[in-house]
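Chain lettering (A, B, C and D) follows the sequence in which the chains are written, and residue indices restart at 1 in each chain.
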Amino acid sequence: MELGIIGLGKMGGNMAERLRRGGHTVVGYDRDTSVSDVGSVEELVGRLAAPRAVWVMVPAGQPTADTVHRLGEVLQPGDLVIDGGNSHYVDDQKHGADLAAKGIGFVDCGVSGGVWGLENGYALMVGGDDDNVKRLMPIFETLKPEGEFGFVHSGKVGAGHYVKMVHNGIEYAMMQAFGEGYELIEASPLVTKVPETFLSWQEGTVIRSWLLDLLNRALVDDPELDDLRGYANDSGEGRWTVQAAVEHAVPLPAISASLFARFASRQDDSPAMRVVAALRKQFGGHAVESIGDGDSPGADVDPPKV
Amino acid sequence: MELGIIGLGKMGGNMAERLRRGGHTVVGYDRDTSVSDVGSVEELVGRLAAPRAVWVMVPAGQPTADTVHRLGEVLQPGDLVIDGGNSHYVDDQKHGADLAAKGIGFVDCGVSGGVWGLENGYALMVGGDDDNVKRLMPIFETLKPEGEFGFVHSGKVGAGHYVKMVHNGIEYAMMQAFGEGYELIEASPLVTKVPETFLSWQEGTVIRSWLLDLLNRALVDDPELDDLRGYANDSGEGRWTVQAAVEHAVPLPAISASLFARFASRQDDSPAMRVVAALRKQFGGHAVESIGDGDSPGADVDPPKV
Amino acid sequence: MELGIIGLGKMGGNMAERLRRGGHTVVGYDRDTSVSDVGSVEELVGRLAAPRAVWVMVPAGQPTADTVHRLGEVLQPGDLVIDGGNSHYVDDQKHGADLAAKGIGFVDCGVSGGVWGLENGYALMVGGDDDNVKRLMPIFETLKPEGEFGFVHSGKVGAGHYVKMVHNGIEYAMMQAFGEGYELIEASPLVTKVPETFLSWQEGTVIRSWLLDLLNRALVDDPELDDLRGYANDSGEGRWTVQAAVEHAVPLPAISASLFARFASRQDDSPAMRVVAALRKQFGGHAVESIGDGDSPGADVDPPKV
Amino acid sequence: MELGIIGLGKMGGNMAERLRRGGHTVVGYDRDTSVSDVGSVEELVGRLAAPRAVWVMVPAGQPTADTVHRLGEVLQPGDLVIDGGNSHYVDDQKHGADLAAKGIGFVDCGVSGGVWGLENGYALMVGGDDDNVKRLMPIFETLKPEGEFGFVHSGKVGAGHYVKMVHNGIEYAMMQAFGEGYELIEASPLVTKVPETFLSWQEGTVIRSWLLDLLNRALVDDPELDDLRGYANDSGEGRWTVQAAVEHAVPLPAISASLFARFASRQDDSPAMRVVAALRKQFGGHAVESIGDGDSPGADVDPPKV
């Protein structure tokens, strides 16, 4: 079928390519004219026959909001917008309502797959009305991996990005689990073969997984992970996951611990720990710097000769 | 080669069978005479030619300690004991030292694979001296899965059970991650297709894994997980993982959170939360039951008509 | 000075009383006519001489928003609104801006003190412009406890409720700390005098605190805390604290753990733990219910007689 | 009464002084001859009339074990040993049993109070048999603070150190709570008066406490806590608390988070976070360094001009 795509970066460009290989007609727009098929969003819309479908693949937040708003101005009733970016599900609900007021449909689609997606397909998690999702099935069928998995219509508008957000939350905790396990193994004087141990786990274990495979690729290149600093960014989705949990009163100890560990990894010095250090210092009173945990008898006492 | 096995339960019995299929000569002992090849540990030792190798596959703790001790009495210098159970790595170090004093070798081996191991092989994590491990390689080669993974000689005596312990700690956090994600998805009114979402994740996602496959098997049988209570036991290995982290001063927030969530799942009522409830009640003073969080103005105030 | 108060519930009513005892002229409005001095917000405004100050003490959220909005309609430039409720600091910023557009000042004030405040004074945390706060100092001086502490002008509009929110977050973790300690002491067979231990801690210890005093009041009445269930509600401020931490990328492991423990305390059954239970069941394969942690050899094996 | 004290460091020396001021006869031994009353443990025992009581106040672990062992050699049946150090409760049980085999009594005593104890008294938490504790009451009465609190006989041998250990665990979480709150307040652009806010909390709030008072002393000296690094040591008691929780299957999320935060504060670089960073890098494939969270479309896409 015919599809407009706005945003032809690494993800959007590869998705356009996979769709074309699958026989679809794709008209792409990007502000980078070297990759764009058209000169403007308006021209892109003009190149598609009604009822149109336009896939938005630009950064979440203001860029996506601006693009959806612009499409609301230039599309016609009966047309359809798909947000395939990493949007917050709360924004989807607003975008869906705004477009619905103009008779334009809206579907949100969480996409997983990274640079492997072009060849292997993208996992797609979709939210929206049944009719709109049904209309887009030829596109989804081409984008998704072969086989029975990798696509789900999870629920109403917002559900696609909601479950993608939770997917990423789970991912945070799985990454943290491997990190903690690695550190604990590295800490033991008993274990002399750390990367070999992780490699061996790829078969027969309970924790075998794609993330373990990725970790092992990293360990093959850099067995001590010496080329890296213990510094981890986070994306919006990890934060939104914790905020959704707070909103729904869902206990989320492992995922939140994983997010907080990333926050802490980016601090040169922790103000919270300065407070703890200050309190420990106070225990000793003004006369001394520190006597351990404040009430630690004998911390400065030589043991008697017995 | 020739191997004695003590303990022919689900694991030991299947391992004996896999070894026999692989051409090894196995003499097994179990107190259940219906499965035992011999009538006693002494008889088992008598049936093996020196230098002997005896695999212990009995419950961790006292049963394993008793068995290792008994083998120390009946084996000869040059013989070899393998502990393939779920022993604490601290016990390995003691058992290894005790046997070494008698000239008997000791190797510890963490085993993963469960009921699938008979057909698919067992992931093996081994600790011990190079010579001893080398002598046992024919056994390990048969027990492990086909292919290049699934076996590692991780380090000194204790290293095998240590890394198997950490493997299980990682497993705890991965299971908790899926649990938290499931609960958060189930809590959202946007999502109407919960089990379908998890099924779809089996391809193309970052979190695809054997544990996800298992979860999906469970969801196919029982889409709402209605037949289960949110009650989870823990094994020694999860606890030892946290204790090892404390000993090595390794931060372990996600794995410990996962262990504590299991503890909490088994409580009918939480004494800690009774304290929190008691404090909340006290905020209100003696005259009232509760005014919210103690200093919550207007919690009992009707909004004015404005 | 002269002050209007909207909302004469437990908090607002006591604050009005403390202000009158302190020589101020208070005109109060409540929809409950039995406690109200006037019949409407309009009448209240009519009873005050310009420039007026009106203290809003109604539930956070819509009731406060409605009241602030109504005051924006009936007050005049130069007048001043104080929100003394438990509002979210984000709402303060909106309310302040809306009123500023009409030339009306806005000050937010977090209040702590509960039912003891009438006699002992209220701890006040204030946000707003210096001029506005200065104008209100006679009121704050009367409401606050005697002595040098209990009042702070923390910063801009919103700062008062922000620091009160964090105060409550700290409170959550302190309450959780006592809860965890209580449970751990109760779990030990060594300790036979649990409430006596907590009572003794009121003097000479590092953890002596008002919360410990409150806990001990509870333990005197109910030494085993038998009359209570381990069920704890949470207020908006605990949740907002975690959300603010996520927004500011501040690691908040102890406070978030405390919030999540309250969430969990209110669940009859945990969906997350049903997932963990389902996974544990799957480890055993279809043929068996459970073999412990899946790959737990010998969990069902009797130890040999040795 | 008459008491021997072994270990005359900051704690032991002050306790000896407080006892002498209270009219007791104290014979002290320390390997530092400048403070010691006697030349050896044997001489100390010789200076006391039977039945003797000897208070051990030396570092926990081997020094205490050695001292208790030596006393077992030189004391007589009917004598009594008190361990007032920071011993692990597990050691108490061993020491108590060893001495009991020789007819010598044993009492463990957790002590809180630091450098203020000499003037204000020490909070004492005691474990042991009723008879032994009763015999020592004159000593405890003098050491404890005035008033009805500050002393408890919590239970059997080990109970004193057990509850002191939990006291310190609670202390860890309270310190962490203040640390997290401080960091969150410091992170907000709304709040311009951070130390003033903490100072104000000393009266009228729910979180008023001795730890808050100490923090405020620190903030008065160093309002930005600039002289400190966010680096916090931990003592044995925090670790033992988490280990006891694991042993008793008690969920301890806030206290364990506090311990782990201290561990993390001492790391220059986190191996766990290197793993997370390595995985994030792998998401991008070999061709690129990173595309955000792996499957983050458009992270490198400029938004279109719309």
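Brief remarks on what is shown
Following the convention adopted for this analysis, a contact is a pair of C-beta atoms (placed from the backbone, for glycine too) under 8 Å apart; a residue touches a chain by one contact, two chains touch by 3 or more.
Which chain is which protein? Per UniProt: A, B, C, D = Decarboxylating 6-phosphogluconate dehydrogenase.
Everything numeric here is computed off the predicted structure, so don't read it as measured data.
Common neighbours of chain C and chain D under the contact definition above: A, B. Chain pair with the larger contact count among A-D and B-D is A-D, by C-beta pairs in contact.
When you average the Cα atoms of each chain and compare centres, the chain farthest from chain D turns out to be A. As for how the two copies chain B and chain C face one another, over half of their interface residue numbers coincide.
In terms of their C-alpha centroids, the spacing between chain A and chain B amounts to 30 Å. With centres taken as mean Cα positions, chain D sits 41 Å from chain A.
Work out the mean CA point of chain B and of chain D, and you get 33 Å between them. In chain C, the residues that touch at least two other chains are 112-113, 117, 168, 171, 176, 178, 180, 183, 206, 211, 234, 249-253, 257, 260-261, 264, 267, 270, 272, 283, 294-295. Here chain A touches chain D in the complex through residues 6-12, 29-32, 40-41, 57-60, 62-63, 66-67, 69-70, 84-86, 111-117, 168, 171, 175-176, 178-180, 182-183, 186, 211, 214-215, 217-219, 222, 225, 228-235, 237-238, 253, 257, 261-262, 264-265, 267, 269-285, 287-288, 291-306, going by the rule given at the top.
Taken together, the chain B residues at the contact with chain D in this complex read 206, 234, 239, 242-243, 246-247, 249-253, 256-257, 259-261, 263-264, 266-267, 270, 272, 283, 294-295.
Chain D contributes residues 89, 112-113, 117, 120-125, 127, 144-145, 147, 149-159, 162-163, 166-174, 176-178, 180-181, 183-185, 187-188, 190-193, 196-197, 199-212, 241, 244-245, 248-255, 257-258, 260-261 to its touches with chain C in the complex.
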